[in-house]
Structure formats: C-alpha cells, structure tokens
Amino acid sequence: MSTLAAAASTGEAVQFWLLGTVAVIGALCTVLMKRAVHSALSLAGTMIVLAVFYLANGAYFLGVVQIVVYTGAIMMLFLFVVMLVGVTAADSLKETLKGQRWLAAGLGIGFGILLIAGIGNASLKEFNGLGEANAGGNVQGLAALIFTKYVFAFEITGALLITAAVGAMVLTHRERTERARTQREQSEARVREGKQVPPLPAPGVYARHNAVDIPGLLPDGTPSDLTVSPTLRERGQIRDVSRESLAELKALERRTEDWLGRTSGEEPRPPSSGGTTPTERKEEAKK
Amino acid sequence: MENLIALLVAAPLVGAALLLCGGKRLDRTGHWIGTLLAVASFAVGVALFADMLGRSADHRAMHQYLFSWIPVGGFRADVAFQLDQLSMTFVLLITGVGSLIHIYSIGYMEHDERRRRFFGYLNLFLAAMLLLVLADNYLLLYVGWEGVGLASYLLIGFWQHKPSAATAAKKAFLVNRVGDMGLSIAIMLMFTTFGTFAFGPVLAATGATSEGKLTAIGLMLLLAACGKSAQVPLQSWLGDAMEGPTPVSALIHAATMVTAGVYLITRSGAVFNAAPDAQLAVVVVGAVTLLYGAIVGCAKDDIKKALAGSTMSQIGYMVLAAGLGPIGYAFAIMHLVTHGFFKAGLFLGAGSVMHGMNDEVDMRKYGGLRKYMPVTFLTFGLGYLAIIGFPGLSGFFSKDKIIEAAFAKGGTEGWILGGAALLGAAVTAFYMTRVMLMTFFGEKRWDPKETHPHESPKIMTVPMIVLAVGSVFAGGLFSINESFVTWLEPVTSFAHGHSPVSATTVTASTIVVLLLGVGTAWLMYGRKPVPALAPRGSLLTRAARRDLLQDDFNDLVFVRGGTHLTTTLVQLDRSLVDGAVNGTAASMGGLSSLLRRLQTGFVRSYAVQMLGGAAVLVAATLLMRGV
Amino acid sequence: MSFPLLTATAVVPAVGAIATAALPAAKRTAAKWLALLFSLITFALALVVAFRFDPGAGAPFQLTESHAWIRDFGVRYELGVDGIAVALIALTTLLIPFIILAGWHDADPLEEATPNRRWRPTQGFFALILAVEAMVVLSFEATDVFLFYIFFEAMLIPMYFLIGGFGDRAGRDGEEEAAGRRSYAAVKFLLYNLAGGLIMLAAVIGLYAVTADQLGTGTFSLQQIVEARTAGTLNIGTGTERLLFLGFFFAFAVKAPLWPLHTWLPGAMGESTSPVAVLITAVVDKVGTFAMLRFCLQLFPEASSWATPVILVLALISIVYGALLAVAQRDIKRLIAYASISHFGFIILGIFAMTSQGQGGATLYMVNHGISTAALMLVAGFLISRRGSRLIADYGGVQKVAPVLAGTFLIGGLATLSLPGLAPFVSEFLVLVGTFTRYPVIGIIATLGIVLAALYVLVLYQRTMTGPVKAEVTNMPDLRVRELVVVAPLIALLLFLGVYPKPLTDLVNPAVQHTLSVVDKKDPKPTVQVNAVPGEGRHGHAANDQDVEAAK
Amino acid sequence: MNPVYYLYLAALLFTIGAAGVLIRRNAIVVFMCIELMLNACNLAFVTFSRMHGNLDGQIIAFFTMVVAAAEVVVGLAIIVSIFRTRHTASVDDASLMKL
C-alpha cells in the first residue's frame, strides 16, 4: 500500500473505531489503576494501538519505532522502576489536596472541549495523502529529511540523548561517602543497640518445611515473625503451618505407640488444610 | 526741610536698636539714651511744625520719598512719608506725650532690672507710631499699625513672669490681629479697585468708584479701627492691657496707640464720605462703645481698669465724631488731642498713686490720699475736671463740640446720637467722680502699718504737671476762633453742622447732666463711707464688673470652641487623613498575603495552574481566530 | 563654551560630600570643618551665579549648559537658571552652612554609642547634608525634565538616612523607642515621596512619548517643549495634558506638602534633629513648589488653569488646617511642622493665583519661609538640646533665664506670623493680594491664616518663654557663640529683606512675567483707572518704571 | 471516514493524560501520563503529516520520541534517587518549594 488515499477506507474506519476505544480505555486505566504496574501495562497497550495508527497513517517507520522504542524500551524502563520503587502496596486514589480533583476534572474537560472545538472549527477539509511523499519509501523519505533539512536538530538530539544517559547515571549512581563498616563494627553495633544479638533464626520447622514463607516455631509452637523476610511479611504472604505440624507430631507419637504394641483410642484425624496425609508419609517411611 | 521727616522715625528706631541689642553695658545709661532720642524726635517735630506754620494753608503737606519697597508688577509700595496737618498734630502729640512719659518712666521703672529693655520697647513704639501717622500709603501705615501692636504686646507683657500679663499681651495682639485682617483686606480691595493704595490717588479717586466697593472698604477700615481703638466688638483686650506698667497704659492705651483707629477713619474720610452706610456703622460703633466703656468704668474697682473703661468711652466719642463726616472730623481730632493730655495725666496720676501705695490698684483700699500726695492730687484733679468737661477746661470744649455735631447729624439719628453722647457725658461725670472720691477723699481704707503713701519724686511729678497744664488750657487754646479746625480743614474738610438745638442749649444741657452725674456719684461715694470690700451690687454692676460678659462670651465661643475644633482636627488628621495612607499600605500587604496562598508548594497544584494557563491560551488563540 | 558655573555650583558640594565621607574615623572635627568649608565655597559660587545673572536680559534661562547625554531618548544634560532658580539656589547654599554649624554636635551621641573604628557617623552626617545640597542645587538648575526627575528622586536617599539615622535625644521614652519612631518616620517619608515620584516618572515618560509622536524626535527639554507649544508644532490633547499635569503635580504636591498629602511632614520633622528638619522644610520641600512653578505651569498651561480651582481650595485648606493643627500641638517641632504646612499652602496659593503678585510673592515666600523657619527651628533646636525635651509643657519662664535665646525665638516666631518689617510679611501680603485680585473670597479666607498664625506662635512663646521659671529650666545656659553665629545672620537677613526686598523682587519679576506669558495670563486690571500714578513727581522714582510697563 | 478523527482522538488522549498528571500522586504514574500526552501529540503530528502530504510531521514526531526517551530516562533516575532519600514516590511529599 505504497499510495495512501486521502480519505480513509471503510476498513480503516472500522479499525479506528475498534482500536480507538481500546486506546481510550487504556489511557483511562493508566490514570485510574491503583497499582503502578497495571497503569504501565495499560499504557503499553495504548501505545501499541497508537503504533498501529501510525502505520495506518502511512508512518511505517514511526510505527515500528513506536513499538520498539516505547513499548519495548521505555515501558520496560518504567516497569523496572516500578519494581524498584513501587513494589509496596498500591497508592490510594484518595485525594489529599482540597478541590484538586474537581479543578483537575473541570480544567481537563474544559481543555479538551477547547481543543476539540479548535479542531472542529479549523477547516481541515482537503487531504492530500502521503502518496508522493512516501513514493520513494517512507524510511528513505524520512532519512532524506533528517540528514538534510533536520540534520542539526538530529545532531542535537543525539547530544541530548548522551547527556540524558550520563545524567541518569550520575543521578542514580550512589557515591560511597564513608568506607564500609567491617563485620566487627557491625556486630558491635548490634550488641550496642541490644535487640537480636545472635543471627536471625532460620525459617522452616524442624527442617521438614524449609520454604522461606514458613515461619519457624518457638519451643511452645508459636510462630516467630523474625524468621521470615520483611518483604513477605509486608505482602502478607506468610504461610502459618504451626497447627498442622503439631498435629503431625501427635500422629508420630501414636504410630510409635501402636508399633510398640500399645493399643489406644481412635485414629488421629489428619489436619484438613494443606500438607501431605500421614498415609503417604507411611509409604515414605517404608522406603 | 522735608528730609527731616525720616529723622522723626529714625531717632527712636535707632534708640530701640541700641537699647535692645546693646546688652548689659547700656544698663546704666540706657534710659537716658531712650529719653534723649524721644525728645530729639519731638524737637524735630517742633522744627517741622514751625516750618509748616510758615507756609500757606494749601502748601503745608510735605512728602519724602525714601525708596521703592515692594515693586511687583502693578503692585508698588513705596517707603514714603507724607506730613500734613493731620500727621503733624499726631506727631506733636506722640513725641510730646511720649517724651514726657519717657521722663516719667525713668522714675517709675527705677527699681526694675530690665529698665533698659523697657525703654527700648518704648522707643520702638514711638518709631512704629510715627511711621503709622507719617506713612503716605496704607501698606506702610499697616507696617506701623502692626508695629505698635507688637510694641504694645511687648510692653503689656513686660512683666512676663506674671502669667496674667503674658496672657493679656497675647490677647491684645490676637484681638488686634483680627482688626489687622480688616485693614489688610481693605488694602487688597483698594488695590483691586484703584490699582494702588497710596493716600493721594485713592482718596482722590473715591468719586469715580461704586458706592458698594467704598462701603466694603469703609467697613474693613472700621474693623481695623475697632481692633486698634478697642471699640465694640473688639474692645475686650483694653481692660486686660492694664497689666502693663502704668506709663505704658498712659502712653499706648490712653494717649496715642488706641487713637490710631480715629486717625485711620479721619485719614480715610473721603472714602467714608462717599459711603454713608459705612459712616452709619462707624457712628453706631462709636455710640455703643462710648456707653459701653462708661458703664464698665462705673463698676470697676481697679483704678486703672476704671480709667481704661473711660478711655474706651472717650474714644467712642471720637469715633462717633469721625463717623459724622466733615462736621465731625476736626472735633474728633481735637478731642483726641485734649484726651491725650488729660487721660495721660490721669494715668500718670494713677501710676503715682500706685507708686506710693506699693502697687495697690484696688480703689477700695485707697481713700483720703489727697493730703499725702498733694501734687498727684492736684494734677489728677485737673485731669478729672477736664475729662468730665468742666466748663473752661479742655474736655469741655472738645466734648461739647462733639455732642453738638452729633445733634447736627440731623433726623432721628441726630437725636439718638446726641442723646447717647449726653448720657455718656453724665456717666463720665459719675464714674470719674467716683474714682476721684474713692481715691483721694473719704477716710483712709489702707493699713498705715505696711503702706506709707508718699509723693512721687520730681522726675515723675513734673510730667504730670505739664500734662495737667495741657489738659487745662489746650481745649481753650484750640477753640479760640476755631484755630484748630482751620488748621485741620485742608486735610479733613470741615463743614458747619446745623443742629436742631442751639449751641447754647447743648452746652447748658451738658453742664446739667455733668452736675447730675457728679451729684449721684457724691451721693453714693462721697456722703457715706465706701466699703473696703466690694458689695455684691446690682445685676448690671456685676455684669459691668465682668466687662458686660464680653470675655465670657469670647471664652465660650472662641476659646472653648476653638480648642474643641483643634483637638478634633488632630484626631481626624491621625485617624482619617493619615489613616487613609496607612490603610492603603495595609491593604497592599493583605492582598499580597492572599496571593501567597496560591503558592502551596504542591507540584500538582502548580500543574493545575499551568493547565489553566494553557487553557486560557488556547481559548485566546481560538477567540483571535474567531475575531 | 564659558566656564560651566552651574555645574561647578553643584559639583563642589558633591566633591565635598565624598571628601568628608572619605576622612578616617579619628578626624571628626576635621570632617566638620571640611564640610563647612565646602558649603561656604558653594555659597560663594552661588553668589557669583547671582551676580553673573542679568535679570534685565530677555532670555528666560541664562548661564545655560547643554550636552547630549542619552542620545537614544533625547535626554540632555541641560542646565539653566531664571530669576526664581537663582533666588532659591542662593537660599539653599546660604542655609547649608548654618545647618552644618547648627548640627555641629548632632552626630556625637552616635559616636559615643558605638566606639567602632570603621563606624563614622559624623563624617556620614555632614557628607549626607552636602550630598542633599548638591542634588537640590542640580534640581533647581536642570531644565531637562528627565535630568530634573533623577535628582528630584535621588535626594530622597540621603534625606532618608538623615531622618532615620540621626535624632535629637529628646524622646519622651527611651532611645530605642525614639529610634523606632524615627525609622518609621523615615520610611514614611521615603515611601510617600517615592509613590509621588513614580507617578511622576510615568508622566515624564508619557511626555516623552507625546513629544516623540508629534515632534518626530522625542525630547525632555523644557525650552524646546515650550517653544514647540508656542510655535504650535506641539499641541497635546486636552485629556493627555491633564493626565500628565496630574502626574507631575502629584509628586510636587507630596513634596510640597499639600493637604491631604502632608502627613509625612510632622513625623519627619518631629523625629529628626532640628538642622535636618530645616533641611527638609526649608530646602528640600522648596523643590516641590519650585517645580510646580517651573514645570507644571510651563509644560501644561491649559491643564494648570483647568486644575486651578481645586488646587486653590486644597491650598486654602492647607493654610487653615495646618494653622489649626499647629495650635493644638504639644510638641514644639511638630508645631513648627504644621506651621510650615500652612505656609506651603500660601506658597501654592500664590503660584496658582496666576497673577504677577501671587507668583512673585510665592517665590519670595519660598526664600523668606526658608530663612524664617530656619531661624525658628534652629533656635527651637538649641532650646530642646538644652532641656532634652520637645514637649512645650516642659518649658516655662525661659525668657527670664536665657533672654537672648528667648529674644531670637520671639523674632523667629514673629517672622513666622509674618509681622510687617520682617521678610515673610512682604511675601505673604503679595500672595494674599495676588490671590485677592482674581479670587476675592479665597483671598479673604486665606487672611484668616494671619490670625491663626499669631495664635499658634504667641501660644508657643507664652507657654515656653514666659510665666514663672520651671525648676528644670532654672540653670539653662543662654545662647553660645556658635549658636549666635548661626542665628544672628538669619535674623539680620529677615530684617533686611523685610525692609528692602527690592533686590529679590527685581531678580524674580522678569522670571514671573515670563512664566505668566507662557501660561498666557494677565493681571486683572483695577476697576477704577487712577489718573494720578502714585508718588509721581518724586525724585528717585524712575526706578520702578519698568515695573509699570510690566504691569501694563 | 475523515482522518480528522485521529486528531479528536489525540485531543482526547492528551486531555486524559493531563487529568492524570493532575490527579495521580505517584510520580511514576504521573510520568506515564506525561508519556501519554506526548504520544497524543505524536499522533496529531503524524495525522498532520498525512494531511499535508509531507513527512515533516513524522520527523517532528520522531524527535518528540527521542526527547521523550531522554526525558523518561532522566525523570526516572530522579524518581529513583528521590525514593532512595525519602522512601516515597509521592509528588505531594516533595513539597520543599513551599517555605
């Protein structure tokens, strides 16, 4: 489709209406989603849609660049940063500044209306499509322009990019101001502040469970939070298996007793939740 | 000869400068210098007088042009003197009486450590007064006018440690200032009307001027005269002015300064002749004052205040006469001169009495002094006879003529004025007799232990004698074939009035009322002893003791009202005018603190503002395209 | 190009200011003498100016100097003097030496307060005074509106420091209290005048725009603009002219000060030391009235005659209002300040009466008021420095203790109430007559001022000088030699100008006539033509013939 | 169907992005919204280039992308460093501009 008609085909119309709605929804989600991750993803969606529109508008190069640079690079950068920063719980959409939301909504709507009105009353009737512009191929056309007419701008943007890269490095690079503390100093500090002198206890119960998300049990069987990483604690992803392990302990004693031939009451009922059944374990024991 | 005129003024002026700037080294000789210069000025006056007599009546006026004083555009005031018969009369009176009083003061002020300054002030007064009567234009006259005011201020307040004296001085100056306002307005009117304010042109051009303007000028001049001559309604200062040393009262507040108003009116005769309404006002003021002063004089127990009242009333006579027009001017001046003699004499007498009674002024504490101070008694008595118009003495001639002229005004006015004048004569006789009796007759009401009344030294008595002689013979001398009138006629234009009653009737009636007054006085104060403490007295008496409540009125209206006004204005200035200014400043501050609210520091609110700005821009561009 | 006399007159004090300021802290007395020397040199130069100036010559401005300065905006360094300017320059340069002498010890308390090597209040004080002199002189000389504006504004800065920095230690309550009030007064002075000045700046720029629009090349030169007006090449629209006029007038009315823009004056004069107070009211404020006469009237004749009624009424209010408030004051200096307000009312009245008497009188008034207020205020300053209080109630019977002081004080007071024979009478009467000839009612009301003046002066004198001697006053020394040297010449001058003001009037009259011709106003003719010219046939009378011509 | 609809879409997206910038407190999300706005602009540019039949619009869009990339890099770096020091990514907490 080297020649692009001034008036769009019906196919393009259908495409516009479908993808347009998607784009708008994506944008709205970007704004309204609680978690930054979701915002980023919906933004990426919108951008892909835009890429398609670029293609539809005969900007093939840009369309590709849009996908590569934006959805490829920039959005990934966003996601990285989100991971770096926003892992914590989603930020509430509750407004703190008084009247900020109403102002924003009012101004936004007003602004949009103004823009649309502007576009509306601009007489944009004649469309001479990109037919001859893209005649020699879109990329070639762009290249020709960039390296002749816009060469200086191009160079400057290059400089800008380099500066930006360097700037980012400078900003994020943490300069170590004082030398690292030796282990001795650390331990001394620990002793001095007094809490948790020995190393933190390991997670898991008696080495039967050693998943990081299972807290260790204190002698009386109550789980201790010290044993799991604070991140998991924050996310509320701790599995509490203390009661079940106690039940298993009981079952073990029963088996030893009837293996010694002492009879007793009814079968101990296996714990309802999680874990493996004692029958399986019997088989294990047999192996 | 003309060039001597300036000398008249210069001599005392030099004296004043010497004595006031001379410093302590002149303390011993100061008073002699002052007196000498006063006498010198008198001598010059006599010389000029002789020269003037030598000429024919029409060429007696002399002029001396010194220099152009204020030339601005059409406005030209010169320092130039004019010495005609009228001025001459005044010059002789001022320098003559002035010199006498200088001599008298040498004795009177002997024990005052600031005597040098006193004489300096006296000389200053002489200079100013001479300037007043010698000026050939109204502005220069105005200088003298205020100059005498200043001198009177300084001399009334001479004993400044007495708050009463300081207050009296201030009062005198202020009241005079009100009059001066009138004079200055009159001068402005003349300038707008005639384009000049020199006597010659102005008085010559009155014929060609609308009566309205002349009336205005006349009334303003009258206001000035009222201020200076203590005429109703501006008379309130004269009584308090008696706080000054007695020679001052004699010279300034009896003989010379207070008569300046009469001079002004007589000098401006042409204006008044052409403005009957103004003349009427003058007459009314004169008549009212002569009665007012007389009544006040009757009630005062302070001898000087009584005399002050009489001064008011006598000047009332003069003003009345001056208001009568050509038939009166000459007699006004004549009475002025004779009054100068006998009233000065009376005051000097009073001063000598106080001198002997260690500065007691209350007549009720006098009594029976005639044998202790015979000379004073004699001179005072002669002055007394003169003022009440005892036949043959000065007052008789001058006052009698005025009464005649008052009748001659004609119509009901004539009758009213004549009647007032006659009544005044009766009251004059009454209060002067009262003073006489209370002071020199009756039993002594003073304590012989602390007061030892004694005759004053020669240097004081001699001037009194001279003045007494004057007050006896001056009147007669003047009226020998109307010599005085003919002398003044070229200036004041004399006309014989046709009075409805014959001269003899008037004379007879004056003598009758005179006897009446004396008789009543004798009945009240001569026959029965005078109480040493003033009885409560009738309502009129009490009112008269308080100057007929004039001061109370002034106090209520001007002093109190003025104080309130000024204090409120101060408040307004602080709250309103300044408040407006500070208010603007404060409102600016408030506005900025309001704008400060916009700077929340929250990025997002800034963002909102940015978006708003963007929206406005877009809207603006759209509108531009729309338009 | 002859020797730039006018520039020299302004430069000398400026150099003096720098030199004085440069002296090291130890050389205090040297600084004083240096300042005095420079002020005297300036006075001598001013006298030379006065003699080189020829009133008879036709040119409105003489001794002119003109150099291009800011070419792009047609700003020129243009100096020139007419009679009025000469008189006022003479007054300024005459007063400054006396001010310096009177303020000989004003900075000493500060020296004792902060014994610091770098801190040099004495040098600062006198340098500031000289700086003010330089600026004032230049603003009297400038005939270029922009040049004038610069110095008109710049003189605020040294004045601000003089008011805020140096006070008489006579506050009722402690020094820091007084310092607070002082700085308040100084700030008020500054803001008030700056506000006026900024409005004027707008008007100045507007004027430039108009000239640039109509003459092709914009100019600030007074003479060019006046000539262009008369030639008809420049005619400012009525509305514009009125706006520009108001812009100029507002600034000058603040400086003058005219009711209701007067409230900064009592504070400034009350809190500052009396020499500085004299500097304010006798020198700096004169620039305002002078500028009304030179710029407002000559640049905007129609607008001035349009605004005249309102201005006259305001001036009238100032006269009566100032006098009444003076009566009610308890503080000697504030009383004198309000009296000055009343007097400035007279000056403005005379200027806008648009008669030769009125404007001539107003000019004389500026000079005489300068001298008389200086005399009164400086003596009051000596009095205050003796007793250490500004309150009238704290005095009494001084006349008995210090007769010379009392005498000089009385003479100053009498001059203030314009007693005939003293200089102010001449000017005040001229103003009154000039006003009366055109506006009789206003003239008559203004004469009330005479009575009120007598009231406040005499009340002041009575309360302070007369009566029984107060205990605190008993051992008050009389005037010292330095103080006599300050006061005596002023009093002599008052007397001389009161008796023989002709030199001054001859100096001023042509300038006034020129101004009137620019404004295109004539003196009203007397209703009755007196055939007899006063004093005709007198010898030595030819002197005033040209005045006759002037009047016709 | 008239390609001008692309412009309407661009306007809509731009507005949504702007509103997002105003509403969201999380700096990262704010950044995303800015990206959204930029993309909207790009769409408009591309559409314009189609209208005028020359490639300049696309060039501009291209440059916009580059600039956007640079901006994102620096911006995110800033966010990271801020988060390190203040342990938050909320723009409201960084209100040091207010004194």
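Chains here go by letter, A, B, C and D, matching the order in which they are written, and residues are numbered from 1 within each.
The working rule: a residue touches a chain if its C-beta (ideal position, glycine included) is under 8 Å from a C-beta of that chain, and two chains touch if they have at least 3 such contacts.
Quick caveat, the model's predicted, so the values are computed rather than measured.
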item: Intersection of the contact lists for subunit B and subunit D; value: A
item: Any chain in contact with subunit A as well as subunit D; value: B
item: Longest centre-to-centre distance from subunit D, chain (CA-based); value: B
item: Selected interface, B-C versus A-B, where C-beta contact pairs are more numerous; value: B-C
item: Distance between chain centroids, defined by C-alpha means - subunit A, subunit B (Å); value: 110
item: Chain centre separation in whole Å, for subunit D relative to subunit C (CA means); value: 67
item: Geometric centre distance via CA averages, subunit C-subunit A, whole Å; value: 81
item: Centre-to-centre distance between subunit C and subunit B (centres being mean Cα positions), rounded to whole Å; value: 36
item: Multi-chain contact residues (two or more partners), subunit B; value: 600, 602, 604, 608, 611
item: Junction residues of subunit D, two or more chains touched; value: 18, 22, 25, 92
item: Residue list for subunit C, restricted to those that touch at least two other chains; value: none
item: Set of all touching chain pairs, with the criterion as stated earlier; value: A-B, A-D, B-C, B-D
item: Of all residues in subunit C, those that touch subunit B in their complex; value: 191-192, 259-260, 262-263, 321, 324-325, 327-329, 355-357, 360-361, 397, 399-400, 407, 414, 419-421, 425-426, 429-430, 432-434, 436-437, 440, 443-444, 447-448, 450-451, 454-455, 458-459, 462, 465-469, 499-502, 505-506, 508-509, 512-513, 523-535, 538-541, 543-544, 547-548, 550-552
item: Subunit B to subunit A touching residues, read off their complex; value: 600, 602, 604-605, 608, 611-612, 614-615, 618-619, 621-622, 625-626
item: For the subunit A and subunit B complex, residues of the former touching the latter; value: 97, 100, 103-104, 107-108, 110-111, 114-115, 117-118, 121
item: Residues of subunit D defined as touching subunit A within the complex; value: 1-9, 11-20, 22-26, 28-29, 31-33, 35-36, 39, 42-43, 46-47, 49-56, 58-59, 61-63, 65-74, 76-81, 83-84, 89-90, 92
item: Contacting residues of subunit D [partner subunit B, same complex]; value: 18, 21-22, 25, 91-92, 94-99
